[in-house]
Amino acid sequence: MGYQPGTTGIVVQNIERVSLEIIDGLAEMGCATVHEAQGRKGLLASYMRPIYTGARVAGSALTILSPPMDNWMIHVAIEQLKEGDIMVLGTTSPSDAGYFGDLLATSAQAHGCRGLVIDGGVRDLADLTEMNFPVWSKAVGAQGTIKATLGSVNVPVVCADALVNPGDVIVADDDGVVCVRGDEAAAVLEKARARVASEEARRARFAAGELGLDIYDMRARLAEMGLTYV
Amino acid sequence: MGYQPGTTGIVVQNIERVSLEIIDGLAEMGCATVHEAQGRKGLLASYMRPIYTGARVAGSALTILSPPMDNWMIHVAIEQLKEGDIMVLGTTSPSDAGYFGDLLATSAQAHGCRGLVIDGGVRDLADLTEMNFPVWSKAVGAQGTIKATLGSVNVPVVCADALVNPGDVIVADDDGVVCVRGDEAAAVLEKARARVASEEARRARFAAGELGLDIYDMRARLAEMGLTYV
Amino acid sequence: MGYQPGTTGIVVQNIERVSLEIIDGLAEMGCATVHEAQGRKGLLASYMRPIYTGARVAGSALTILSPPMDNWMIHVAIEQLKEGDIMVLGTTSPSDAGYFGDLLATSAQAHGCRGLVIDGGVRDLADLTEMNFPVWSKAVGAQGTIKATLGSVNVPVVCADALVNPGDVIVADDDGVVCVRGDEAAAVLEKARARVASEEARRARFAAGELGLDIYDMRARLAEMGLTYV
Amino acid sequence: MGYQPGTTGIVVQNIERVSLEIIDGLAEMGCATVHEAQGRKGLLASYMRPIYTGARVAGSALTILSPPMDNWMIHVAIEQLKEGDIMVLGTTSPSDAGYFGDLLATSAQAHGCRGLVIDGGVRDLADLTEMNFPVWSKAVGAQGTIKATLGSVNVPVVCADALVNPGDVIVADDDGVVCVRGDEAAAVLEKARARVASEEARRARFAAGELGLDIYDMRARLAEMGLTYV
Amino acid sequence: MGYQPGTTGIVVQNIERVSLEIIDGLAEMGCATVHEAQGRKGLLASYMRPIYTGARVAGSALTILSPPMDNWMIHVAIEQLKEGDIMVLGTTSPSDAGYFGDLLATSAQAHGCRGLVIDGGVRDLADLTEMNFPVWSKAVGAQGTIKATLGSVNVPVVCADALVNPGDVIVADDDGVVCVRGDEAAAVLEKARARVASEEARRARFAAGELGLDIYDMRARLAEMGLTYV
Amino acid sequence: MGYQPGTTGIVVQNIERVSLEIIDGLAEMGCATVHEAQGRKGLLASYMRPIYTGARVAGSALTILSPPMDNWMIHVAIEQLKEGDIMVLGTTSPSDAGYFGDLLATSAQAHGCRGLVIDGGVRDLADLTEMNFPVWSKAVGAQGTIKATLGSVNVPVVCADALVNPGDVIVADDDGVVCVRGDEAAAVLEKARARVASEEARRARFAAGELGLDIYDMRARLAEMGLTYV
């Protein structure tokens, strides 16, 4: 991208996005399947939890780097939103304050935003739930933030232990959040679909009572390693 | 109040309460708005979570100081309840045990209690949810407590990092819990209403697609601080 | 059981189970009541949370000892399941990875399994919820696991601070998880029923406004200990 | 004290202090003994740890209320220091940032300050250790703070779960930090000395091999409660 | 052992101990080596930290089961101590209170005790350090405990995620605490010595600059798995 | 660098390093000063603690990406070490296992390595301390790791919330760890020296009793913001 993670004072306006067709395809696959399909990388820390259950979304990452307890850059970011984006906010120092609430969600939703992934706190949960605006966050916190220091928009950010570049694809559901590199998204979608297809076949066999020991042919290797039945 | 936080063996019977009209007004405003309206003070720690979502209540704080793992004082406190009270329990040493369950909730509800804020654990979640008795707690825990040592009722208590005086107003919802000083409650309600009114106006503008950058006139200051668009 | 906790490479095939009648009786009682009825022992750590609210189950413990990040033994365990079992998984070293998801749940459910208690992570929450397959876990995590190292099935395991023997009865609901020794299950059920009966009687008195101070005759002892009303 | 906890924008200049003779007496007793002597109240949360081992100090609390990540009020507080004071800093919202380092310690030490108790972070540990300036903190953090928002000096503050009033006596050592109300300090010192004296006598008996079972005459009560030797 | 973990009200007086020669041999090996030598089992949770660095001890486990915040059973346990024992305390419910201090250490040391492993808190750190009485604990806490409820001595206990039987060998140093089954101790010592011997040989080669890649002959397998040098 | 964070199976052999003169200059400045000098970015999470106090080092980052509980890549990395390097290890999924001990330290030290920064666990603390091999880690853990899965060497890694590129400069001491971009290191050193020089001047004034209120000329602004002395 040309900009180092941690650079402040920059708004990158033109970023490359993956097609919505691919993004929507990844949403259907869900977080766990996508994580597997891309070789078990890109998963955000398991402390990132959804504010309500049942949401499953994918979007193009619009990244925000914020100083701790400062949500100014979210306003800057909203102007850069395009239909199908998910905002991903990392901070330069940790804080559980409530950076985001119903007014910002109203604004973001009006500009096509599908959700927020924030390594910090969020508030106005009842309103956000009613608006169907999903958020994955580290904390819920009513504590307000200020607007005093610059961060950046659309530079790479570290969010919940993962590096997210602008234009990466974010897939999030009740299991958590995974980040897919933009230039790998199409290939990952293909692998995920193959995985789901083969899982479907196996699910029927499992439901019929067949054992994983047989489906995956594990008995010989277990015996060889010394597993003993008594 | 005349009694120091931490004093044990005391039950203060007559405390000053704010009118239910003001309390109910604050309930409508919600935790985050009230916290902002009173200058961002009085917020309890963000680890205090509701046992079920969707509750939004306010009440006059009936405070309870409990020894760790000892819920005796809750029985003492229930006799002091008046319609519209919320019990606020702090402990002299931390514990996640389950101080409170469905029998105590039945008793408290019969005496007009609207909910419980407890810097400890709670149990019987299914029953409490069915009873519509909201609890904000540090933990869920089935571990029982004992009745062996005195604490106090209606002395100031530290609960989840905040000092709560008897008769303060507690406002709690999915975002957390905030404490309003009794003698500031009327003024805070007025400020909160003004805040909500101005937010309503802004919400419509946000929903119509106007940007916070313009609504709050931020562009000049951001440019002055050096924000660069690339 | 003859096998020490921590022994790996062993699958015990024949374990003694408590009758389903007793198990189902304990399920009705719920976790907190059972914990009290057996003298406040056997409770798993309060960090064990259900993946959805409202489940209340009991089952015969089929225990699994797993290496960290390795779910191979779950496949081995499923073959040993009998109608009414709950799988209880402890690990030889802690990890929040997602050991269990919808395919394994499909397989387990097909073999009569009522749920999972896991001192680790779980994934595919949306599917598990839809399947009505309850799980109590330390974490939610999409991170996958491997199948490389042997553990054991049906040896005693430490799970969330508690020792669980194969054939112990697990009772779990929104309040948490408790383990009842197999040879004490019948007696515990009897005590739990007595407790519930006496609670029912008291609940009516509480609902009618009677105070615990009077029901439990506490006033004299409180006064004797020096409780002062002011 | 006249000022509520949480009030910002206030510096109280004249506070009542306990005599240094009593304060120094309490320092000799140490945190655990003083905590016992005053009836097990006033202990700060156990997450408060010293930056180096071996310090044992007492001082008159000069309290500081700081906004999160803002250390401006420490400069204001230093002007109010008197010989024998310990600064006690609570925040209006939690943060682990490094509010305090070697320059502030140099300034505070020049004004008679004996140490710092801070519900936040501290930095420059090597320098502070070399200066023999003890600090008990929630965290070590190099992250800098700002000077933008008012707090208060010498109003009551909640610090690590305890309420500290200006002029209370702080006693801190490797075991933690305890707060003694100013008007109880003399009485607590007396009780602590009595406790130490009786402990000294018992220590000799313990060292000689006598058992607590006999020294405290516990055998009868244990037997009565049903303790069984097998 | 005949007694189930969690059984209260029992003191087992005669337990089998491993010879001091084997115990002292294991002490020399240290925690990490012993853990490896016995196949990576028996390690206590990594939150167990020593109160001072540099101690390395082994002892025969004298186990204590304590109710939360109740240290009565430690007095009972001390009577059962034999030269070379280490006390291992687990609780029926978690608490960070300070169960153990200098008086109990004086008594225990007088009866041959080499240290304490406690899934709870400890106090009087300065004294314990001066006495060279090592403690591994979950917390440091000045909060006192009571003597009100029975636990047990020398029944199996769960301590920091591990099951410890009376007479097991405890090995503890700066790296943590590991438990060796009594009947495996001799064999584990032999394996640990072999491990140390082979490590010594390798240490010299490492110090001379040889690479693990060559010493362990890893290059072929890494290449085969696809490791690419660029 | 050409390689994305998270890429596995790659060893980058030639990376650009900053001159040892600049690196050693940064070491003298220490973590907190360097962090300030570069505009408060690049700080690793405050949970990264040194295994012993008093170390202050800087080095060129040799980065390691490891699968969870797998330390194979450390052997690969050691071959790439040059005099003055510090190894920085991030993982693809979190674990507190002990990836590193005295044998690896012996090998690394023989190849010029100055220390290790690891977002995981470390063991053999006594040996590492005696060897003067400093480590900053998330945990101490005796639990062993395996050698089964490829990671990478000298690709960008996320370590304790910070992105570290190979060849960045790591500065670490008792206050924590900060990462300086390679191409900014010279400029940051200059700013850090200027900062230290100005601090020296101020330190003398503070030591002489001058107040920060006067040195920084804060009184007018405080008054203007409404600070009230009572």
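Every chain is named by a letter (A, B, C, D, E and F) in the order it is written, and numbering of its residues begins at 1.
Everything that follows uses one rule, which is that a residue touches a chain if its C-beta (ideal position, glycine included) is under 8 Å from a C-beta of that chain, and two chains touch if they have at least 3 such contacts.
Please read all numbers here as calculations on a predicted model, not as lab measurements.
Asker: Among the remaining chains, which ones contact both chain A and chain D?
Answerer: B, F
Asker: Rounded to the nearest 5 degrees, what angle rotates chain B onto chain C on CA?
Answerer: 120
Asker: Counting C-beta pairs in contact, does C-F beat E-F or the other way around?
Answerer: Between the two chain pairs, E-F has more contacting C-beta pairs.
Asker: Pick same or different for copies chain D and chain E, depending on whether their interface residues overlap by over half.
Answerer: Shared-number fraction below one half, so different.
Asker: Please tell me the distance, in whole Å, between the geometric centres of chain D and chain F computed from their C-alpha atoms.
Answerer: Comparing mean C-alpha positions, chain F is 32 Å from chain D.
Asker: So, what's the distance in Å between the C-alpha centres of chain D and chain C?
Answerer: Using C-alpha averages as centres, the distance is 41 Å.
Asker: Roughly how far is chain A from chain F, centre to centre by C-alpha average, rounded to an integer in Å?
Answerer: 28
Asker: Counting only residues that touch at least two other chains, what does the list for chain A look like?
Answerer: Residues 40, 43, 93-94, 96, 143.
Asker: Following the definition at the start, I'd like every touching pair of chains, please.
Answerer: Result of the pairwise touch check is A-B, A-C, A-D, A-F, B-C, B-D, B-E, C-E, C-F, D-E, D-F, E-F.
Asker: Which part of chain E faces chain F closely enough to touch in the complex?
Answerer: 30-32, 35-36, 40, 43, 46, 49, 53-54, 56, 173-176, 178, 199, 202-203, 206-213, 216, 218, 222, 225-230
Asker: Inside the complex, what are the residues of chain B that reach chain D?
Answerer: Per the stated touch rule, the residues are 4-6, 8, 39-43, 45, 92-94, 156, 158, 161-163, 181.
Asker: Which of the residues in chain F end up touching chain E in this complex?
Answerer: 9-13, 52, 72, 75-76, 78-79, 96, 98, 101-104, 106-107, 110-111, 121, 123-126, 129, 139-144, 147, 150
Asker: Which bits of chain A are touching chain D when the two form their complex?
Answerer: Going by the criterion above, the answer is residues 68-69, 93-97, 143, 146, 148.
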